[in-house]
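Each structure below is given as structure tokens.
Both of the next two complexes hold subunit A, though its partner changes from subunit B to subunit C.
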Partner chain A sequence: MNKRRSIQAKQGRAGWMFLAPATILIFIMSFWPMIQAFIISLKKGSSANMTWQEPLYHNYERILQDTTFKTAMGNTFLYLLVEVPIMLILAILLAQILNNRDLKFRGLFRTMVFMPCAVSLVSYALIFKSLFATQGLINSALMHLGLISENINWLGTTATARAVIIIGLIWRWTGYNMVFYLAGLQNIEYSVYEAAKIDGANGWKTFWSITVPLLKPTIVMTVIMSINGTLQLFDESVNLTNGGPANTTITMSHYIWNMSLGQGVAKFGYASALAFVVFIMVGILAFINMKVGDTRD
Partner chain B sequence: MKKKVVSLLLVSLLAMSSMAAMVSAEDAVELGGTSEDENTLTVAAWDANFNIPALEAAGEAFKAVNPDFNLEIQTVSGSSDVEQAITLAGSSGDYSQLPDIVLFQDHYIQKYVMDYPDAWQSLGDAEINWDDFGEEKLSYSTIDGEHYGVPVDNGTAIFAYRVDVLEEAGYTLDDVTGISWDEWLEIARNVKDKTGYALLSMDHSGDDLPYLFMQAEGQSQWADGQPNIADNETFKRIIEVIVQGANDGTIILANSWSDYTDQTIIGDQVAGVCNGNWIIPTIEQNEGASGKWEITTLPTLDGGEGYAANGGSSLYITGNCGKADLAKEFLAYTFGGGEGAMDTYDNALRNGGVITCCVSASESDVYQEGVAFFNDQPIYTAIVEMGTHVPVIEQNDYHYRMREYVGNAITNIINGADIDSEIANAQSQVEFEMEE
Partner chain C sequence: MTKTKKNSSAIQRRLIPSYIFLIIVCFISVFPIYWMLTAATNTSYDVSQGRIVFGGYALENFKALLKAASDSSKASLARVMWNSFLYAGLQTIISIFICSLAGYGFELYHDKNKDRLFGVLLLAMMIPGVATLIPLFTMMSRLHLLSTAAAFFLPGIATPFMIMMFRQNSRNFPTDIMEAARLDGLSEFAIFFRMYMPVMRSTYAAAAVICFMNAWNAYMWPRAVMTDNRAMTMQMLVANLSNGYTVDYGLLMMGVLFCSIPTMLIFFILQKQFAEGITGAVK
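Our next item is the complex of A and B:
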């Protein structure tokens, strides 16, 4: 009895020792800055010499009156609601197609779909920017095809600028999510599909009744990651449109940047409060998602 | 069990991705700090075609009298790199990464001195004749009568026109000099009809024209530290000019700075450019138009020549500089109008197109020469002369935020929104941002 406990304790200790480096690093590099950000969010003034805000929650109170932040929030949620479903459905369909054993050059196609993920966010944003410039490739292509009669100002018009950002996001991230689905699909026994085939289920039916339910944990994970990523969207807004026209494509993170290091404003207290609000939003959405995705209880 | 694994995975992914976002967002540039060698000064600056040749010229000039002297130039990609490094150093209280001298845009020094007083050293005892410089330029870097910066360039605004295009439409440079904005809009429409060229363009993500046009009227967008654009008749009329021009197609609003320079100016879409004179090297990149450009002053609302300034930067000695005497001596001897000023500014002009606001240095022969690209017009001496007329107007730390909200208002007005409510809206948004 005694001996067994000591073995258990020993194993427990070993376990903790293995966990410790990662835990300590995450705490120092991620959780501690979060706590600091919260403390800063209660302060105001020059970042060299910050003083407590009066009342303490004033920065949070201010957010409620901040029309630009509301615009940024609206934009970000628009990207979220439009882009995430399209991207994930595309990713799951692509995964399904590329999981087909009879498909030739599977590896090649998988690599090609995944490739955009290897591109840096800034570079792809800049490439999209030049593609969709008023004198850019897309306009001249459409012009030569006779589809348009004069150049479209893609990035200077609200609707098209948003569409370009969404197209960019889909291009950049679909392959990334597809890889998760492909991995998930490997865990589904092929015999299940064969059984379904024998029972006379068509591809569509198989997809919805077998693939989707069995992929659920992966879907939940990708949805949470996509939500998290979209709420922190930064590079596209900064590099593709610079938030314009008239702030109609600015994201929350971009606005936080403007309030802190951008344009010499250096309102770190207020920017931290904004960042904390985003953090809470991510937390709530992730929580809801995990509850919805949970079928065990 | 499986659920636990998944949730653990999720938590770590969340943490990792948010960490990655933070890292990418604050990927600040290191400016390199100072040098241990007592004869070496380090300086951080940007623009290999403009500021860097000017600094090199100054380094050479000072070296001629101090053979041991060495100027180490750290080239960064833009003013914002220097600005962010200052903000980060100031916030952390650790100035050790700052070089001896930094160069950055003029609009920030007031706020930096207020926010991070330890980051700067006053130039009070440097041997510089401050009366030798344009008053408007110095107004940025002078705080409570104390000088902090030595000007490198001159932000005086020019209005450059393609005289061949004007001629094709039946106008001369005189016809567009000293006119009112209404007359200008009329001329612009005719030029557009007859030649297809727009007569002006603006970077619509930076929106500097409203500021320039206001200054040409002798007015500021600020009064007593607060925005002053709502119920401001002059400002409203200026916005109406820009909106009218945009609707006529005579003022092109480019989506970004690179569109503004590469497509509208170098891409030969406009027959007119109005900006700080540092835009000249950009205009000159369209080599096909050599000899066809000339410069003049800005129009004003009620007619008459308008003078303004935009952009430009100055050199500042940081709190990290342990060789302040050497740094002051260097700045005074070169950019500060000392004995090496003539050499410095002549080479800065030849190699980088940097125009001084130091009046005595502009008397050199190089400044009197006609410039072939500008139809042999002696543009440099003309610009220095214009610079002496630029009115000093109230500045504010929120200059760039104001520009952004004014730009938003312009977009919305072009899209049909009411001008008064949009201007009032811009004013209240700037006011909101300024509150603590």
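Our next item is the complex of A and C:
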């Protein structure tokens, strides 16, 4: 071990050379822009001729009066609080079921549950937009079943449009998260389950007292990833509802996009202030999550 | 023999609720994709009438897609497809090279400072794409890189996720090989190219699959920097198809189909690598 250490010390310079390209790129393409975003957030005007705001925090002050951003924030947290728990519980359940060696056609089932991941975010948003269109398949199916007497304007009504986005998100990401849980379950010795079975524990009890505790690190990680992803939702908001009706389903990223590059308004300063707020939120939520994940033992 | 048979049929009977649940979930998972395929072969009218079987209108939809592509991108569908392949391909190759170098360096040459640096790089994961959008856009515009492949891939090639994936997987790389190679007089870089890369090819495959998928599916960033219509990607093209007041569903789903062909093929052929790529960094 000591010998290995000394060799490592000698090879140290080569080691740094290996890291250099990626490290430099991450600094230039992530950290530096983040600092710049903060600087821009204190300015007004657009791209070439920006001047300091007076007072400097003016853009942040404006956020407090911005009702659209409040809606966007509310939407994002609504998607977060409704979608993430449903999706993750479904994913764990599916992983648990598919991990059972007595189950037939496991590979086939797994492939089918996983399949939505093969479709891009833009593509699935457009598929769902078409399925839930006023003249779409969902309405005609409900009509045929006699459940509704006239077409529902799914995407034109705030509540249903939000529901469609949530349904879409669950559809697209459940299989993705299941893959993590399946990988996590494979690390659990199968004999643990056999022992539980012999002890007479039923499926539900096994699930809560063996699967969930042993999967805890994976669960913490998927929760962080889901929070991170949900706070950054963009493709769905743009392509499924275009934020509508009247910006009531818009997400934070979509709103920032509209403020900066999307609709030719180019309010770079204000948009950067909004973006910085999102960054802080992601950071705080990830931090809380890691703390919770750490101390529950 | 009869006892185990009886046992297994009892087990299967107990699994009936699981099967029912799985069949429902699988139906919901697969149906929208199946519907997309059928809609691509039907007229828009038939689609809105609720037709869910394959039709004979695929060629017309394809021709309409060709026309829509040349109308909206001033380039052909082939050009847009090629753009997407080129950008995603370049991003994948450069990314797995640079990130594997870093992952290798962080794991096999690790010391306190490098571990600290790694911790710092991980913080980049928390930075939302939309937060760096404006500075990066300005940067690309100042460097006159807008609408070039470089603008597409530069922010995406070095990611903490990829580095972490290579770092974790490098744990399995036997260090005695390195020692032996050093005794043979191989330079540190030669060891990487001649020993590490071949040994780690399954990690490279998983990384390449996930990287290609992400690059192919990218939407916000390309929409920001690929300002010239001739530099358009497939995601941008299909998103444009649904912007009109009247949507031609057959045409739209044909576009979605083309957008999904590469990712679908990868999914079915390299599913194992894809799954490994998703979970790659958390082993």
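In the analysis below, the second predicted complex is superposed on the first by the 275 of 297 C-alpha atoms of A that agree within 3 Å, B and C clash if a C-alpha of one lies under 4 Å from a C-alpha of the other, contacts with A are read in each partner's own complex, and residues count from 1 in each chain.
Following the convention adopted for this analysis, a residue touches a chain if its C-beta (ideal position, glycine included) is under 8 Å from a C-beta of that chain, and two chains touch if they have at least 3 such contacts.
On a predicted model such as this, the values are computed, not experimentally measured, just so you know.
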item	value
Partner chain in contact with A:23 - subunit B first, subunit C second, else both or neither	second
Which superposed partner A:151 touches (first subunit B, second subunit C, both, neither)	neither
First (subunit B), second (subunit C), both or neither touched by A:263	first
Partner chain in contact with A:244 - subunit B first, subunit C second, else both or neither	first
Which of subunit B and subunit C A:62 touches, first, second, both or neither	first
Subunit B versus subunit C as contact partner of A:282, first or second or both or neither	both
Subunit B versus subunit C as contact partner of A:45, first or second or both or neither	first
Partner chain(s) touched by A:206 [first = subunit B, second = subunit C, both, neither]	neither
Chain touching more of subunit A, residue-wise (subunit B, subunit C)	C
Partner chain(s) touched by A:232 [first = subunit B, second = subunit C, both, neither]	both
Overlap of the subunit B and subunit C footprints on subunit A, listed as residue numbers	26, 29-31, 33, 47, 121, 129, 133, 135, 221, 228, 232, 234-235, 253, 257, 261, 268, 279, 282, 286
Complex contacts: residues of subunit A adjacent to subunit B	26, 29-31, 33, 44-48, 53, 62, 65-68, 121, 129, 133-135, 153, 155-156, 217, 220-221, 224-225, 228-229, 232, 234-235, 241-242, 244-247, 253, 257, 259, 261, 263-268, 279, 282, 286, 290, 294, 296
Sites on subunit C touched by subunit A in the complex	8, 11-12, 15, 18-19, 21-22, 25-26, 28-30, 32-33, 35-36, 39, 47-50, 52, 98-99, 101-102, 104-106, 108-111, 114, 117, 121, 124-139, 141, 154-155, 157-160, 163, 175, 179, 182, 188-189, 192, 216-217, 219-220, 223-224, 235, 238-239, 241-242, 247, 249, 252-253, 256, 259-260, 263-264, 266-268, 271, 274-275, 278-279, 282-283
Residue numbers on subunit B that touch subunit A, as the complex places them	2-3, 6-7, 9-10, 12-15, 17-19, 21-22, 24-26, 83-84, 87-88, 90-91, 93, 107-108, 111, 114-116, 118, 204-205, 253, 255-256, 259, 263, 267, 397-398, 400-401, 404, 407-409, 411-412, 429, 432-433, 435-436
Residues of subunit A defined as touching subunit C within the complex	4, 7-9, 11-12, 14-19, 21-23, 25-26, 29-34, 36-37, 40, 47, 90, 93-94, 97-98, 100, 102-104, 109, 111-124, 126-131, 133, 135-137, 140-141, 144, 171, 174-176, 179-180, 183, 218, 221, 228, 231-232, 234-235, 238-239, 252-253, 256-257, 260-261, 268, 271-272, 275-276, 278-279, 282-283, 286
